[in-house]
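These are the structures in question, set out in turn.
Both complexes shown next keep chain A, but they swap its partner, so chain B is in the first and chain C is in the second.
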Partner chain A sequence: MSRSLPWAPVALIVLLLVLWQGAFLLAGPDALAAPLQTIAYLAQQLTTPEFQQHIAATGTAFLIALLIAIAGGLLIGLMLGLSRTATEVAEPLLLAGNSIPKIALYPIVLLLFGIGLSAKVAFGALHGIIPVAIFTMSACRNIAPVLLKSAAVMRLSRADRIRSILLPAALPDIVTGVRMGFSLTLIGTVLGEMFGSQSGLGYLLMTAIGLQNTQVIMAVTLLLVAFAATVSTALLAYERRLRSRY
Partner chain B sequence: METPHVRMRGVTRVYPTETGSLHALGPVDLDLRKGEFFAVVGPSGCGKSTLLEMIAALAPPSEGAVEFEGKPIGASVPDGVGVVFQENACFPWLNVADNITFGLRRQPLAKDEIARRLDYALTLMGLTDFAAAYPAQLSGGMRQRVCIARTLVTQPRLILLDEPFGALDQQTRLLMGDELLNLWRATGATVLLITHALDEAAMLADRVAVMSSRPGRIIEIIETGWPRDRDSRIVSDPAFGAVTGRLWTLLRDQSLNALGPAH
Partner chain C sequence: MTRPQRIALYQALAVIVPVLLLEAGCRAGIVKPLTMPAPSAMTVGLVQILASGRMNAAILKTLANVAAAFVSSAIVGIAMGAVIHRIAPVRRLLEPLFSTYYAVPIYGFYPLFIVVFGLGDAPQVLIGFMLAVVGVIVSTLNGLDSVPRVLTKTARVWRMSGVQTALQITLPYAAPHLFTGVKLAAAYSFIGVIGAEFIMSQSGLGYEIRFAFDNLDNGVMYPLILLILIVSVGLNMTLDHWDRRLRARRGAGR
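Now for the complex of A and B:
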């Protein structure tokens, strides 16, 4: 699809900018900042050490949280996916866990970890780990039985079967889970910064809200949106390329 | 008398169900001679695939004994047995060459030996130009050739085929049948073919076992009497019609049973 319409993403971005400009003209400068002005402000902010420190704080927390979410989700998903009984018991729990508004758990996270990096990481990972686990588990369950039979016929050891058959067979679904986990971990990390932190983009957003600093709010939001959209699109493209083979 | 290559005695398969148990297969006694091409036909659900899975140690028999080369079959597939399934068993994340050598790379073999066997299998199965292609880029028939090649390179002494051409069109099946005969002659392996296609069994096999509807038992074994260098052109031989006719006569009532009492 993206191959037949190479200009489509560009057109979409232009359309969004036009809508943004329209909203700015309607709502006025007190509520919104104009697109070009925001882009210019963000570009300028990116060069200041203070802003860079906030990005580094969020980036560090996010990366650690994402690693935990992916590693933990894979581990949980594999362990549950390898046993039918475990899947049947765990699936409703995981789905229920997924539908809990995590923000309700935030006071407990803060009590456990205190204000700072570990709370942000915990909150980010808490958001991301469940989708990775769910997608990994269902990918293991849905693997074509003939592939497992082939592995048995080739007398693969259990470890080799997981490494050389199960994981590669499940890869497209795992990538889907990681894509979901990526977005949710980012949400969780920034949320964590908004309510229990003294650094990072979430903290910056929260203080800007308090000061009604539209420019900062818009610039930070733009940065987060651009980052999330870019990585998400890249993961989606990778996933589509994988799926065309499966 | 020579020890049979595969020997089954009193083999049954009973599945536990919610209401009790389902007697799916047997008792079956069966001897496969070393190097023969043996086919099993039977109505749907008669347990012919289960029969194959028991020899491949993929399903344990409920009762009875299965032996390969004089040794009882345990919990894992005996060395020297290769299996080709009906479904596409190619690994989609590997290209054709890596699919074919998947099992070999797990054996203590020298690199050039692996390369030699790969070349041989690619040539024999007409896949040389597709070594770098991925399974998704191939037709169903080509994918099945990859699976056959993957089995072939392990140099099995017994090749088990579970309706390998079931998903292919009729012309492709006849041609794949020829390739299978070539392969059988080239390797000297014993071949057990499970199929629902009477003409396929009649054309390919030295002997054809006809199974009853569930619980599947072997009701008769027919010798086709074909020469070893046969091919698919045998379908125009009047004797071929006689063999398929005989198979259908034996199978008709069984298939009616399997279809249900309304008939």
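Now for the complex of A and C:
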């Protein structure tokens, strides 16, 4: 794999802004908002209490969902990853579960949890938990056998084995899983807000479609994309540092 | 019983036992029919819906859009992967895009596409395409990276043209990776199209589920959800099976 250069992200952002501006010039102001105009509008919106409340609503639901997805995914992944048979049984099932369009399950989530925060959280966590579990499980499976044998020789207890062998050795892969889980949970939470919700960024997007308000749509999308890309890049950098250690 | 047989048995149990428990819960009245009908009732409902043919138009619509997104993303993805692989600076420039692409909520662009393209098929196909294409590009790049230098050097020794090299050496060698990309494209196209239909559209399976959901019509909604589960899991397992066979024949293992 070619190493990415430090200037690449900056050049990429510039390129995307140029493409955006080009699309704006082509499609016209009725269809798209210009980059500068969108950024200015977003900056102005960020100072209004109403917009801040929507961000807070999405943020709260997202954080709870992410915690559930990470904790649940780690637990499931560790439990299954400790046994070879359990891994072989569960892996195809989890992968198949991952290929399901989860949005089709949204009505079930809403019927189970009712309209409100809990449905958003459940839908977000539903998106994130499987990737975290899959990566944690395969991380446990991919640990060098010599480490596990040493643990057996030293007669480490199960808790000690998890704490001082399994988790550190599996950490890079687990971070990959958390990175995937992070983005999918964010998508799930925002999707959950698009229906049966009265607040949050997903709700803003949905009402903006009804009003054909391109400016709001583009500002919210820009905010989500910028947030997701920033956190994901940071997690990726952390992951590379962890991997370079071994 | 051999080990693979035992694994398959456990897998069957892991699916069947929860379904039976749900069935029992529904029959015993622990799960209210308003929340969820029994799995047997869902299956009967699905058979009736399919037999009546009233969802055929929606099913065909969804399948056509998924096929459009899938075929376009597979072709464009492999072609772009092959081109990007040849031009190192472009690849370095795009590497951060590839590594963060799936962190971006692609559905967030759907409202924009509706405003730009209207409520036809284009926005849904485009969402499916956008979800799928980068997975194909990345798999193609990985596949081309895996081609040993000795093979490309041999091609040069034999003075093969670029097209010949691609058709006779690099593409066949990279085939398992390309297939992984194609497998991803199938799953993502399906997820993208169904999701877009559910969010806002005028036809298709996702739309029908949304419509039934808005009207609290569990008798239609749950059978259709079951249909989507069966199709997506069935598609995934079929492709996964071929994927394993392809890799096993190559001797690459897993």
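By definition in this document, the second predicted complex is superposed on the first by the 242 of 246 C-alpha atoms of A that agree within 3 Å, B and C clash if a C-alpha of one lies under 4 Å from a C-alpha of the other, contacts with A are read in each partner's own complex, and residues count from 1 in each chain.
Going forward, a residue touches a chain if its C-beta (ideal position, glycine included) is under 8 Å from a C-beta of that chain, and two chains touch if they have at least 3 such contacts.
From a predicted model like this one, the values you see are computed outputs, not experimental measurements.
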| item | value |
| --- | --- |
| Touched partner set for A:Val231, first chain B, second chain C, both or neither | second |
| Partner touching more residues of chain A, whether chain B or chain C | C |
| Chain B versus chain C as contact partner of A:Ile217, first or second or both or neither | second |
| Touched partner set for A:Val146, first chain B, second chain C, both or neither | first |
| Partner chain(s) touched by A:Arg245 [first = chain B, second = chain C, both, neither] | first |
| Partner chain(s) touched by A:Trp20 [first = chain B, second = chain C, both, neither] | neither |
| Partner chain in contact with A:Phe51 - chain B first, chain C second, else both or neither | neither |
| Chain A-touching residues of chain B, taken from the complex the two chains share | 56-58, 76-77, 79, 81-83, 85, 87-89, 91-94, 102-103, 106, 134-136, 154 |
| Sites on chain C touched by chain A in the complex | 6-7, 10-11, 14-15, 34-36, 88, 91-97, 99-100, 102-109, 111-112, 114-116, 145, 187, 190-191, 194-195, 198-200, 206, 209, 212-213, 221, 224-225, 228-229, 232-233, 235-237, 240 |
| Interfacial residue positions of chain A with respect to chain B in the complex | 144, 146-147, 149-150, 152-156, 160, 164-165, 168-169, 171, 244-246 |
| For the chain A and chain C complex, residues of the former touching the latter | 1-5, 8-9, 11-12, 15, 27, 31-32, 85, 88-90, 92-93, 95-108, 110-112, 179-180, 182-183, 186-187, 190-191, 194, 205-206, 208-209, 212, 214, 217-218, 220-221, 224-225, 228-229, 231-233, 236 |
